[in-house]
């Protein structure tokens, strides 16, 4: 097992493609997306979900520690413009044939 | 980037409003909620999902470290009474115009 | 509060029962499952979701630190064969009547 | 017995019951068939909407007569009586919390069983009255309250603090009761005119949706069956015998107040059925000490299939005897 | 006034409107009734599909006459005029961003309000033309563009860089407009023959699905009502008075170009209604500075219920006066 | 050729095919139109339920004659022959794993293509037999087994341990096969009587649901098209030519055993179509070495649209020639 970084982003669903592009540009090509996330942030409730298209997505991406810097640079402007939050933490990856750290 | 705390709660969906109230009272106003979470805990499977209304929710909230104490005080009684689990970990927040740490 | 381990697994939905069996065998009996997770990994997009049955699940399980070793042993072969990723991190558990650490 | 056998066969050879079997079979042979959430919830909302609306439309035709009031009174009575008497039977083997929760489950009703019975009547060409839907709505909640009172009376920490407001809300405003009563009232208000415009939706598709829904119920019930091992023989017998007993009492009451045969069957089915949605939700909230897998599994994996497959034609057989 | 009262009553006693009330009531009494996602989205896709297809089939019958072109021209005109004049009213109290976003919301339309009005007409036995659906489609997008131009003109950092490509895409290819126009074109291409095979699906179930959908709209609208406290009396008055005004202008225009009564009602409803789906989505993307709870809540919690309950019969009353 | 052109046109001008185009267009113009999960799954369950049930009801009318048995035999034959011969073609360019997976995909069938063809026949007023649904069910699974045997024979690590129990389960009890066969049996058991009560649901809505579903299939197919770049010209040609070849073989066989024209079309379509649900799921499980984007994308983005748009009328043209 070895250390990798976990990126968690919660944002409005319309930002999704922009954020995934941002991750991709930063060299983070793997991700998982959970849709239909309700929530409350600084811009008020996102409760109507798919009715008013104001629902959130929860994006998880695991990457190598050195990729964090470009990710921050690419994602921060999006958060500043459209809202949403991004957090980074440490996790250990179980080595498998194809894993983040083996790339 | 600066340190904030991540709170993760998995509980039955009927506890949701009580838990969100508890977070709110503790000064944690932002949260994200994922519904329709299946699972198995100490009270058995939650598989029937929306059929028998025994499905779970997964609640994520990021907050300042000093808010953890009141959160624990407010949430623990709910977990003791109705079940569910609550975990806390460290994450780094990407500073954006409006972020937890900038409040 | 005391330290427990968080296991996160993202894998194709058809692996779900195998993975849950693996966790169970390792002594980890509690888990939560989020379905309909879209994503991109090394085997390409999982976008068609329930149409082509290539959607992912996101499995979360909290356990005692000493359970990690058997979990890795049981899960790694599945990841090697069918794909998917598994990560482990440290979290603090809020003690409640019935919690992982109280078992 | 021949007649009874015939009734069972003609019940079983109905698409809804056969699809219920198909769902159970899928679980037994480990097929990966599943009706993904939230489809089952959508179907059940539709069924409540359609049955409530139809009941309301027919209620305005029949009017609120003495017959109606007697029926509703009988319904109320059974909804209070059943949880009380079953509680004491259950106490023989279980602790107060579990006994009260299961008693409440059996005091309340299963709308799907009712709907399946009404579809069965329609097929046999037997009439029933729209106000039976009102009885259905009325019988859903009282058992929840009775159950809680029982817990209050029979637990040592006498002064258990219940959030009564919350309990009443859960009992009378939970989504099934609310939608059923709401649709009934709207059906009543819009009457024949409203019926005509909604007919292709509420009537035409009704039988098909019920069939599809029972496919899912079969899946859900069968998945619950493995829970039954832990439940023990006492509860399994309870889950079959008590419905028969309740149906019997219901039929006698129905005969007494002179219900029609169709109404009597529906009433018996209401008495015999157990709740696996509203009451479990309320019980987890208000009696968290009780074990959900006990009250959900007995209601869902034993009583529900029993009523759908054997109960409905059996009670009809009873009616044939009593009303002759 | 008596006539008007009658119209309101006969509108209110319709299942769709009553179920809208039921949804609102559920929120007020804190019932846990909810239509789980993504069912509301499915229902709204269905409604757009059905209304678009029907409109297309009828358009091929009527042909593209001068009448049609005049109607579409009037629609275009109102879609551009409304956001401009309301922007200046809103600027009196709000900043440019919020004013432009709300103006765009009211310049666009609500398909559900249109559909409810068309169901109301059908019940009253009043005819309307299929090409009104084309007007509906045409009025959805222009306000988004107008709103953005207003932001561009009235903010200090004059040279705001808009991703125009993205904006136009959002305006003209968002899922509602796309599905509506697509279904219209397909209806036009397949004509009477396509209509017959799809009829049980697009026509038979239509009224029922609308009813069910309005139940959900009631839930959504009522949940938004608490947001209104922060909105203030200015916006609430705006959200009632401007629709009436717009409907009035619409009716005069309709009279001028000689629309039929049914078409005039639909046109008035288009002018009076505000978008709570397409425009909010576009505004969050293009004017993130504006506060979504302002433009969503006024459109959804005030204007939408007002139009559904009071507006539709009120505008019909106006037609009765003007067309006499 | 004129006749063929006419057939293509009258096929293309059908609502289902036009909505399929609309879905593809939505992706090409980057509209955000989407049918949210799990709606597509619900629609496909409905279609299997309806077609299976109808097939069963009709099977009881026709009885199990020699004709039926011959048809099922032919179906079985093609389901085993196609994966074997295509495997060797594919091996020319691909490794064993990918070749076996793709071969299995083309040996199996696509229920939606079959259903679209049957809707097309209904519109043309051409009859077909209910037992073709049994052929459909029968042809879904064998290719999975054949594919695995091929992998076993042609990979170096000869003694690959397959969990055969799991494989057979996946092959014969996967949700599509299970629901289809189950509905067929239930239709057979309930017969005309069951048909009548379910008719508004299984028949009335059928065409509309198919249309709506094809809208989603258009979205899904078009999203897959970008994968085709990596696929290369060999596989794309394969995905068009092999279906035509298979349909041709199917037609000859059909002529040989004397099928009716309607049945022959359905049989040709079964031979020509490729599975993008059951087989891919089984292959990911049993041959994880194969690249899913190869076998899913060719089946979904090339063969499926080809069959829906060009294939069905083309095969009918062939029938016109052969049966003349």
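Which chain is which? They are A, B, C, D, E and F, in the order written, and residues in each are numbered from 1.
By definition in this document, contacts are C-beta pairs under 8 Å (C-beta built on N, C-alpha and C of every residue); 3 or more make two chains touch, one makes a residue touch a chain.
Everything numeric here is computed off the predicted structure, so don't read it as measured data.
Student: Based on the averaged CA atom positions, which chain is farthest from chain E?
Tutor: C
Student: Based on the averaged CA atom positions, which chain is farthest from chain A?
Tutor: Of all chains, D has its centre farthest from that of chain A.
Student: How would the chain D/chain F interface be labelled, same or different, where same requires over half of its residue numbers to be shared?
Tutor: Because under half of the interface numbers appear in both copies, chain F and chain D meet with different residues.
Student: Can you work out the whole-Å distance between the CA centroids of chain E and chain F?
Tutor: It comes to 41 Å between the two C-alpha centres.
Student: For chain C versus chain D, what separation do you get between their C-alpha means, in angstrom?
Tutor: A distance of 38 Å separates the two centres.
Student: How many Å are there between the centre of chain B and the centre of chain C, using C-alpha atoms for each centre?
Tutor: Distance between chain centres, rounded to whole Å: 19 Å.
Student: Check each residue of chain F and list the ones that touch at least two other chains.
Tutor: In chain F, residues 36-38, 41, 200, 204-205 touch at least two other chains, as defined above.
Student: Counting only residues that touch at least two other chains, what does the list for chain C look like?
Tutor: Touching at least two other chains: 34, 36, 50, 83, 89.
Student: Across the complex, what residues on chain D touch chain B?
Tutor: Of all residues in chain D, those touching chain B are 37-38, 40-41, 44, 216, 220, 223-224, 227, 276-277, 280-281, 284-285, 288, 291-293, 296, 300.
Student: Contact residues on chain C for chain B in the complex?
Tutor: So the residues of chain C touching chain B come out as 1, 4, 6, 20, 29-35, 60, 62, 89-100.
Student: Once bound in the complex, which stretches of chain E touch chain F?
Tutor: These residues of chain E touch chain F: 37-38, 41-42, 45-46, 49, 53, 169, 173-175, 178-179, 182-183, 186, 189-190, 194, 197-198, 200-202, 204-205.
Student: Of all residues in chain A, which touch chain B in the complex?
Tutor: 8, 10, 34, 36-42, 56, 58, 72, 75-76, 79-80, 83-89
Student: Quick one: which bits of chain E touch chain D in the complex? Just the residue numbers, please.
Tutor: Listed in rising order, the residues of chain E that touch chain D are 13-15, 18-19, 22, 25-26, 29-37, 39, 123, 200, 204-205, 207-209, 211-212, 215.
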